[in-house]
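Two complexes come next, and they have one chain in common, chain A, joined by chain B in the first and chain C in the second.
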Partner chain A sequence: MDLDLTKVKTYGDTLNDGALQVSFTLPVPAGDEAKEAARQIALKMGLEAPAVTKMADLGAGFTFFVLYGKCTHTVDYSKIKIPKQQQKVLSFKEVNALIKNKLGRKVAVVAACTGSDAHTVGIDAIINMKGYKGEYGLERYSEIDAYNLGSQVPNDELLARAVELNADAILVSQVVTQKNIHLENLTELIELAEAEGLRDRVLMICGGPRISHELAIELGYDAGFGAGTLPYHVASYIAAELVRREKNGK
Partner chain B sequence: MDLDRNKVVLARETAGKIADRLHSWIGDYTTTTTERAAARLLGIDGVDKADVPLPNVMVEKLEQEGILNRGLVPWLARAVVARNESPQKIAEGLAEGKFDVSSVPDCPKNEWRAVADALAAEAAAKIKAVKNKREEMKKKAAPPSKPMLYVIVATGNVYEDAVQARAAGLQGADIVAVIRHTGQSLLDYVPYGPTTEGFGGTYATQDNFKIVRKALDEAGEETGRYISLVNYASGLCMPEISAMGAIERLDMMLNDAMYGVLFRDINMRRTFIDQHFSRMINAYAGIIINTGEDNYLTTADAYDKGYTVLASQFINEQLALRSGLKEEQMGLGHAFEIDPAMEDGLLMEIAQAQLCRELFPKSPLKYMPPTKHVTGDIFNTYLVNGMFNLVSVMTGQEIQLLGMLTEAIHTPFISDRYLSIANSQYIFNNARHLGDEIIFAPGGRVQERAAYLLDEACKMLQTIEEISLETAMEQGLFADIKRSRDGGKGSSGVLVRDKDYYNPFFDLFMNRSKSAEGRLS
Partner chain C sequence: MSELYQLVNSQKGKATAIVGMTKNVGKTVTLNSLVKEYEMSGTALGLVSAGYDGERFDRLTLKEKPRIYAPRGAIVATAQACFNAAEADLELIEVSSFSTPLGPVCLARVKKAGLVELAGPGSVSGLKDLIEKMISFGAGHVLVDGAINRIASASPQVTDASILASGASLGPTMDDVIKKTVFRRALLITPLLNDQAMYKAAREGLEKGNAVLLHREGSGFHADPVTGMIPLLAGAQLIGMCNEETSALVFGGALVDNILQDVMDLYENPPLIIVNDATRLFISPEIYYRFLGKGGEIAVLEQFNLLAVTLNPTDPCGRGYDPQMFLNRMEEAVKPCPVFDLVYQEQTVL
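This part shows the complex of A and B:
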């Protein structure tokens, strides 16, 4: 059987078998009824022939299931288009050289963890001198003036500092994602930036373990960086994008 | 491990000198939260019309009058003498504007001192009663096998936390921590009432403590065990949270001497003064503290900077002794954070864990799971957590914060917690006496690493002793984070004590005769 990219489904050991595994908890006590409930949930998820391979009593009226089934759905892989950052990634030296030669001025970057988020691990890894995994942070770049405002910075304060420092780019980090607080924070920042007429004058970039470039674009940002991002990834995006915009006379 | 005993003595003595140097000035100051903690210990609770906690109202008014530097208790005791009301009534009256600070007349020192000491003794007796109750309950319960299983709940809604905490207890957790709202460390007050909409956790409030305590006691009752409750005496209100915990029978508190400075950018002086009173309260209440050395390894590399953990443990130990904590109350922290891709990384983890065990034989060591190198591949994380559990049981760790297979994805689901407990129970049981059977090859990789760590920790401690801990933190010796001496949040809450300063709890909690002794061998 040949693979049909317009109808792709999950794979176990035979093409189009649709096999997959899920695990979940139901708020009911363990027993035959719970098992049947789990099976019915799987059917509604579009799984054929669901089989509960593990049922565990979690106490306090909760039951955990591991379940295998065969997915009945397919997706059209051939039509999928994902926005991607286009330019190639530059090294520490290349970024500095590009800024120096093509922009001829220093680039100001303001960064913060906003809202109630106190987790600075991500922003520190990107900005601070030391960087992460042996890659220098933005503070170390001779052609970048980086300002790390730290944690729990209100959105309006971040924007005020960006204006004050005449920032070329704003970096915002969001680690806590409980109840989608990160989306609220990020949306608010964009709205404030637009209200203050800042949005088009500055690159708005967000990052965090649950952020993707796609999500960032959807929220109205210029770029997003997820898990595994290193400082030079962000630096080369900023440098290349600023050069591109300058060329286009923006 | 064949450690150089002279080095061990040297490390401890040097850390002792570092702690003494801090204590040469800590006693000259007080802080707003120290005074608010005294108010809380005396039973003052509740908020005013604007939702400001009454301890804050009192402290602010005393500060406006310029007499907070004498301590909150002397004024309160005089108000009790003058008005013949309870401390709570006085706080309420003051908040409602029925009278003001300056309207309370002075009275002979022996008179207000007697009242102050009697009130404090009564408060201390209540805390002692709570401590006794814990001990009684523990006696009746089945003793936990070690390492003890520590899990976290973090729903943001305390009522949901209570459900999850109870379930965790029924599943076999020995210790449950309710994760605190990420924003609380920088609040200069303790919020009031139950939290139902927190982000990244619930606030440490007295009501929240009560609600989860009850849920865990119920789960303990059902399973014939005692389940410990943990919260965070950290941030800008360290001593106040300790006071609330002492009243509500918290069993453990995250309570590090340096964490706030490094990771929350809180003013150094503020933190060192606050940790002292906070730990004193914990000491008296029989609460086990957990120190936060594991955090260093989330910003610095665990292999390169393993010795900083050790140096910090020695400093935390010496500071804790100076606040009256017994070694059995010091859950010194470390973590399993070496990159899993490293060849022989497991051996390096064993070396560090075994070294901690031998250096701090009475400490209920707190061992933290891998977080830095786990990125959402739940199957891999589950396996790495298994290795972490193996090292723990093998090296006799005591407080095992269980790794969650969904670390770096979301706050734990109920099933994540179940799976982590199942993982650890399997390994702890299956390898129960592994440690008894192991002798490390003399001069082998593990012994060599341990000797290296001890050596480097000694050097670091000697450097710190020379330049002072404050300067060391300015230079970024811990966690690669630099903090300026006068910077950071909360510095305005530090006051130089007046010569007439009085806080009866310092004497009550400290067992003065024993306090000066450091553990020197």
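This part shows the complex of A and C:
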């Protein structure tokens, strides 16, 4: 089997057969006409030999399709370069040990859902003692003092509390939607921290279902955690980064 | 040579920030246009982002975004992973101490021109440091691409001049977009405090505390510095100390709605409000205009240099306006600040 990485094609049964499966819904009643419409859509998508393998009547004039076809396009895999983060993840015990041995003091973390956002599920999963998916939350870490301020916390109040509690890190949870709602909540917190001269004193971390490390960089945060994040991912980052900064004398 | 390039190039400063009213208003288009002009002029540019720029697709809307082209000889500052993945041929100069989730920010010289993704240091202090380094490595001028609606990179402590990008994605109607842009400009061009004695007293007061009350005393001013855990809290304390003799309130950090509201509740004729620079103003239009209506004034210790406004008449998620009409109306609204629609104006010249 000779795989040419400069011309990669979708795979079905044999190399380079281009086979793929798509599924979609059309707003027309199930029937022969609907099936033909689905085939024509596939042809317009650039698929060869489209075959509807499943058609299901969804009711109210909608029909769902599963369709097989052959993709005629190839991509040059050898030319793809994606910037990747490389962060070592430590376990619950390793994080506590690192903080104890390298920092020699407890780490304070202040968390909140800010602005108008009341979606606390994510931040609670990270902070609450019982944790999530069998992983303890930050409250359970012996070397971390975690404070969950709850939801709809104004940005200025969050910063004031963080200073009061001598926070090493601020965790902000936010559901960023396509229409940018809540996005400006996140940037305002950063701008406020800059204006107040706090930006370099505290690790600023954001989290939420649509947040990634790349978006965090764009927002001006030190790190960002998205869907699937477990408490020890966040704890590892905080511990490692604090140790690194202390080493650099910042 | 474009008029915008001439404006940027004619100022003496070392760094220019491009900041936006929101996402998708054309910050990177403005950057790219300037990069092209600088390339033709033979000046080696420094390029850095206050956020993350040059990626192929927008992370939230999934629409295609303008890429960033780095000409030969330019110096770029970007996270290690972006340095490794760059299409341009880059030669590493130095690995800085600023870390990002994509690795430390690296300084590199462009050996062969091409596309780059710029992932910046996240903090304004990091930007400031990197700008100085790029200049020391031979950059004739540094351009700082903005992020979303953040403007801290345009603080006079970091960059010498700024370009404000605005566009259709800012609001539901053209009127709304213009209104928001006019308000942002009004804040940015807040005048410099020109009373020398007051300026001196404010500066000296801020060295002792993070908020200061100024009272007239003889020919000068007596300063009462207050220290709070953060400047914002000191500012709130300051309100309680105000009296009839108060000439000015100096805030060392952010000025927020609540404080301005308290000042208005306290005074029929509010005293002068002083902040470090325009990036410290976090006030809503309602409160701001009400304050002005009461005869209130705000002054800064460091002036913001707004060079121009650039426009993007289309919103990638829908709406678009007639470019000429949008341009005319914005020009009228922000006069005498120059306004450019770089894409439209380039097309109409040809």
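We adopt the following convention: the second predicted complex is superposed on the first by the 141 of 250 C-alpha atoms of A that agree within 3 Å, B and C clash if a C-alpha of one lies under 4 Å from a C-alpha of the other, contacts with A are read in each partner's own complex, and residues count from 1 in each chain.
The rule is short, and it goes like this: a residue touches a chain if its C-beta (ideal position, glycine included) is under 8 Å from a C-beta of that chain, and two chains touch if they have at least 3 such contacts.
Quick caveat, the model's predicted, so the values are computed rather than measured.
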| item | value |
| --- | --- |
| Touched partner set for A:L43, first chain B, second chain C, both or neither | neither |
| Contacts of A:V8 with chain B and chain C, given as first, second, both or neither | neither |
| Partner chain(s) touched by A:G150 [first = chain B, second = chain C, both, neither] | first |
| Residue contacts on chain A - larger count, chain B or chain C | C |
| Touched partner set for A:A56, first chain B, second chain C, both or neither | first |
| Contacts of A:L20 with chain B and chain C, given as first, second, both or neither | neither |
| Contacts of A:L103 with chain B and chain C, given as first, second, both or neither | neither |
| Chain B versus chain C as contact partner of A:E188, first or second or both or neither | second |
| Residues of chain A at both interfaces, chain B in one complex, chain C in the other | 176, 178 |
| Chain A-facing residues of chain C, complex | 22-23, 50-52, 55, 59-61, 79, 81-82, 84-87, 97, 99-103, 117, 119-120, 122-125, 147-152, 155, 229-233, 252-254, 256, 258, 279-280, 282, 317 |
| Chain A - residues contacting chain C, complex | 81-87, 156, 159-160, 163-164, 176, 178, 180, 183-184, 187-188, 190-192, 194-200, 204, 210, 212-224, 241, 244, 248, 250 |
| Chain B-touching residues of chain A, taken from the complex the two chains share | 23-25, 56, 58-60, 62, 64, 116-121, 124, 130, 150-152, 176-179, 181, 209, 227-228 |
| For the chain B and chain A complex, residues of the former touching the latter | 154, 156, 163, 166-167, 169-171, 181-183, 185-186, 199-200, 263-265, 298-299, 375-376, 408, 410-411, 413-415, 418-419, 422, 480 |
